[in-house]
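Each of the next two complexes has chain A plus one other chain: chain B in the first, chain C in the second.
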Partner chain A sequence: MLELDRVHKVYRVGAFGGGRLRAVRDVSLTVKPGEVVSLIGESGSGKSTIGKMVLGLFRPTSGRITVEGTDITTIKGFAARKEYYRKVQGVFQDPFSCFNPIFKADRVFEMIRSSYFPGVSDADWRDKVLAAVGTVRLDPENVLNKYPHQLSGGQLQRLLIARALLLDIKLLVADEIISMLDASTRIDVLNLLGDLKERGLGILFVTHDLSLGNYVSDTSVILRKGAIAEMGPTLRVFDNPLHPYSRHLLSCVPQLHRTWAEVDAELAANPPEDVTLPTVAEDDDSAPLLEAEEGHFVGIDQG
Partner chain B sequence: MTDVAGATGADKAPAPEPAAERRFSETLHFARRNPKLLIGSGIVLTLLFIGLIGPFFVGDDPNAYVGPQSEPPNGEYWLGTTSFGQDIWAQFVYGLRSTFLIGVFGGGVAFVIGTAIGFVAGYKGGIIDEVLNMITNVVLVLPAMVVLIVAVAYLDARGVFVQGLFIGLTSWPWAARAVRSQTLSLATRDFVDLARLSGRRTWRIITTEVAPNMSSYLVMTFILLFGSAILIAAGLDFIGLGPTNGVSLGLMLESAVAWSALQLQMWWWFIPPGLGITTLVGSLYILNVGLDEVFNPKLREL
Partner chain C sequence: MTLRVKDLKVYYQTLRGDVHALDGVTFDLADGEIMGLAGESGCGKSTLGKSLIRLDSRMRHVGGSIELDGKDLPIADDDAMVPFRYHEISLIPQYAMSALNPTRKIGRMINELLRARGLRPADIAEELERRLELVGLDTDVLNRFPIELSGGMKQRVVMVMSTLLNPSLLIADEATSALDVSTQRSVAESMVEFRDRGYVKSMVFVTHDISLVYQMADTIMVMYAGRIAEKASTSTIINNPQHPYTQMLISALPEVGSTAEETRLEGIPGTPPGLLHPPTGCRFKDRCPMAFSKCNEQPPLLEIEPGHWAACWKTG
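What follows is the complex of A and B.
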């Protein structure tokens, strides 16, 4: 459904736009209906940029992003974009800045209504909103008709998910939606994503947290400096990490029953067998992938 | 504006403490205790009242030769008469009216152009921003007074509105820059992206998402433009490029100087218009500082 084909994004930086910052380098991936794909990476690895390009907020510098066969850079004009957002919605990282502070929080629902459901009656719309708010396990009494500063980050974040659910979407870009939640609501939202997956939604789940990626996703994509370091079915990527960066990442996950020293000692005792990583020339900005086993790819080593 | 409570249309129970109301009453609380705001707005409103009501109580033509010549202020002619026997009080109230008119119109034109360019440049960014910013900078460095003198001098019939239009067309750049910088920071906030994802048009995002967040800023911009339009108009009037038909405070000063009121020690001829302009613009600035203190919690004197 969603397909990224050799997508690059280069930002111009500096006083006269002379500098170049390569945020996304040669990324190709697909999200199928009913599939959760995790984009895992450290800060600045380009994962949020990919999310925003899929949402049409940034244009890719080169490469194609297609949704259901349509190249999204060819979506021109207000009406076409509006139709695109009927199918594809996003939830952003920081719920506090997603709400206009001078209006009530449920205005985000009202915007959806006035744009996409102008004909729906007040009563029907209210039922729809209550259903969506119920789906994200919020009590309507507590969250509706309130100002953003009267609600917690978790409540705001779930309101944003509810907002996306008001539309009959096919693809959800979830950009670090868990990071603002406390542990008890976190699992609720993750299970909610699981339910959405059952309904046939494709979800692009952007996170920096390996365990969340492991919990929720079918496919994991580990990004490093804008390029794919490792991509494959989540189980294989986590059980048998092939790229040195993913190994390093996984060894950094704190473990309750072992100390760092024990982990390091074990890693040193059984060094994982090395795979040959694809290489590129110095001035080549492509990032080829090598299929190490079926459906499990490793990318270039960027040091 | 959309109905923000629409999603809960059937639910009429008010929230225990609506924040907007609280914020509004808090603003009002500080507004009523801010002497600068009270003094500034008091003087401006008094002058506005005089300008609005006064002309109904004096003759239709403020330039008519009605009384004795060069009379100092007395019971009949409150501010005395000119050396031609014109009633200075009548000229003053009509002049105040046209001064407010030029302030509202000239300031309004500058405000509309400045905010429109600022919003579009700040929101759109990229090449549009570059072009609009270049235009703004070019107009900003033009010596506005010289351009105005040249432009106005070529016009045959000059009215208050033509003068206001020209003032507006030359004094918008700093407003555009100020609004642009505010918009730049607001446009990167996620709620703007979310509005885009909600299928909103650009102009609606600007008017309903960005602008309400800087409403106090916009009010103050308008007040400053209003004051500067009055000053520029007075300057033009004084060098004889004012409205050809009618009267203004600047024109009164011009004729006072032209007919040697200063040398003849007819203080009642030049003091009222000079004081009027100074008081009006001065109180506008005081009002502006007061508003700044009310809207900006960091400046509040507790």
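What follows is the complex of A and C.
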């Protein structure tokens, strides 16, 4: 459904835009319906840039992004873009700043109605909202007709997901949606993503936290400096990390029940299988992937 | 015993009344102990950290006492606290980036700080360089501006600055939360190293990330709605928690290696109570699956086995 084909993004930086910063380098990946793909990376890895390009907020410098076969850079004009957002929606990190504190929180639903469903009757619309709120496992009595400050971060975040569900979306870009939530509500939002996946939604889950990426996703993509370091089925990537950077990341994540020293020992006891990482020439900006085992790719080592 | 906090109450003054952010907190911190202070947002963990060093204008000390190395801390008296700050108690704030003055070079900033505390920078210069090397920084950073350093380097500079006078107590408020995982690990490990070398006697590490304190703390204290829920050694809290809140909190954390298909974790239903008019009795009772009639009375914090404290009628 979503396909990225050799996408590059270069930002112009500096006072006169003379500098170049390569944020995304030769990234190709796909998200199928009913699949959660985690983009995992540290700051500056390009993970959010990819999410924003998929949402059409930035244009890729080169390469193609297609959704259901349509190249999204060819979508021009207000009406066509509006149609695109009927299929693809994003939810972002900070739910508190997504709501206008002057209005009630469920105004976000009304805004969807006025721009996308002007012909729907009040009763039908109410049913639709109740269904969406029920899907995100919120009690309508607790959340409708309330102001944003009366709701918790987890509730606001789920309202935003419910808002996206009012449109019959095919793809959800979830950019760090749980990093601002408390541990006790975080897991509810994660479980919700799992439920949505069952309904056939494709989800691009952007995160810096390996344990969260691991919990929901089918496919994990580990990014380093804009390029893919390792990509494959989540279980394979975490059980058998092949790229030195993935192993380094895994050794640094604080885990419950296992100390850093234990993880270090474990990784040292299981040296990676003998894989030769692909290499590129100094001035070549491509980032080839090598298929180490079926569906499990490793990328270049950028030191 | 380094720190002894007894029935500490600190309220925030607002136009609508007092917010009971800390409502009767009692605990001890031993010499050389690193205590992780964990809890959800709004549980009072940062308020407790701040109360130990400086009350801001909205915070009011309502009751209770704090004793550090046998001396009473006059936390309600801002001026009387000055001799303690930096010498005895020091702080690593959450955002090191905003803790450093952007218009001063690091070295000059440290010298100004030392002079303001009545010390001669030259006496400490050698020690400063040694400690910078210990955390893996080149002494060249002293000639640089904060903007020239990465987030992890700034956090390490702040850590060295805060502990330069070997304080008894170091409060680290979400000190590594803004860092990437690999930097987080090295900063957290240097903090343990500082304790091992005796640069700080004991440490309170405030965080929302329980898996991080598991890596570095000796004990963990879990707070809920302004009160202590449970305090015990790290392994007890993680592997054998007794308070229902701690149990549910630990079981809601996804781990590397756990997937939604294998084991579906559950969050804690409901939200923490507002602290403007806190409920009577146990504050967790509305979300607690084990609540019974006695929970309408406030459970005392009892030592259920040596070094393991919990505030719940079911554990007592």
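To be clear about the criterion, the second predicted complex is superposed on the first by the 287 of 303 C-alpha atoms of A that agree within 3 Å, B and C clash if a C-alpha of one lies under 4 Å from a C-alpha of the other, contacts with A are read in each partner's own complex, and residues count from 1 in each chain.
In the analysis below, a contact is a pair of C-beta atoms (placed from the backbone, for glycine too) under 8 Å apart; a residue touches a chain by one contact, two chains touch by 3 or more.
Computed from a prediction, not measured in an experiment: that's the story for all the values here.
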Item checked: Combined model on chain A: chain C and chain B, fit or clash -> fit
Notebook entry, point to check: Now for A:146: first (chain B), second (chain C), both, or neither, which partner does it touch?
Noted result: first
Next item on the list: May I ask you to decide whether A:90 touches chain B, chain C, both, or neither, giving the answer as first, second, both or neither?
Entry: first
Next item on the list: Answer with first, second, both or neither: which of chain B and chain C does A:185 touch in the superposed model?
Entry: second
Next item on the list: Have a look at where A:214 lands relative to chain B and chain C in the superposition and call it first, second, both or neither.
Entry: second
Next item on the list: Would you check which partner chain A:205 touches, where first means chain B only, second means chain C only, and both and neither mean what they say?
Entry: neither
Check: Which partner does A:194 contact after superposing on A: first (chain B), second (chain C), both, neither?
Finding: second
Next item on the list: Please indicate which partner A:122 is in contact with in the superposed arrangement: first for chain B, second for chain C, both, or neither.
Entry: first
Notebook entry, point to check: Hey, in the superposed model, what angle do you get at chain A between chain B and chain C, Cα centres, nearest 10 degrees?
Noted result: 80
Notebook entry, point to check: With the two complexes overlaid on chain A, what is the closest approach of chain B to chain C, counting only CA atoms, in Å?
Noted result: 12
Margin query: Per the definitions at the top, what is the overlap between the chain A residues touching chain B and those touching chain C?
Written below: none
Next item on the list: Using the touch definition up top, name the residues of chain A that touch chain B in the complex.
Entry: 52, 55, 57, 78, 81-82, 85-86, 89-90, 92-94, 97-104, 106-116, 122-123, 125-126, 129, 144-147, 149-150, 160
Margin query: Show me the residue ranges of chain C that touch chain A in the complex, using the header's touch definition.
Written below: 40-41, 151, 180-182, 184-185, 188-189, 208-212, 214-215, 238-239, 248-250, 252-260, 264-268, 271
Next item on the list: Flag every residue of chain A that touches chain C in the complex, lowest number first.
Entry: 42-43, 152-155, 182-188, 190-191, 194, 208, 210-212, 214-216, 234-235, 238, 248-257, 259-260
Next item on the list: Going by the contact rule at the top, pick out the chain B residues touching chain A in the complex.
Entry: 2-11, 15, 18-20, 189-191, 193-201, 209, 212-213
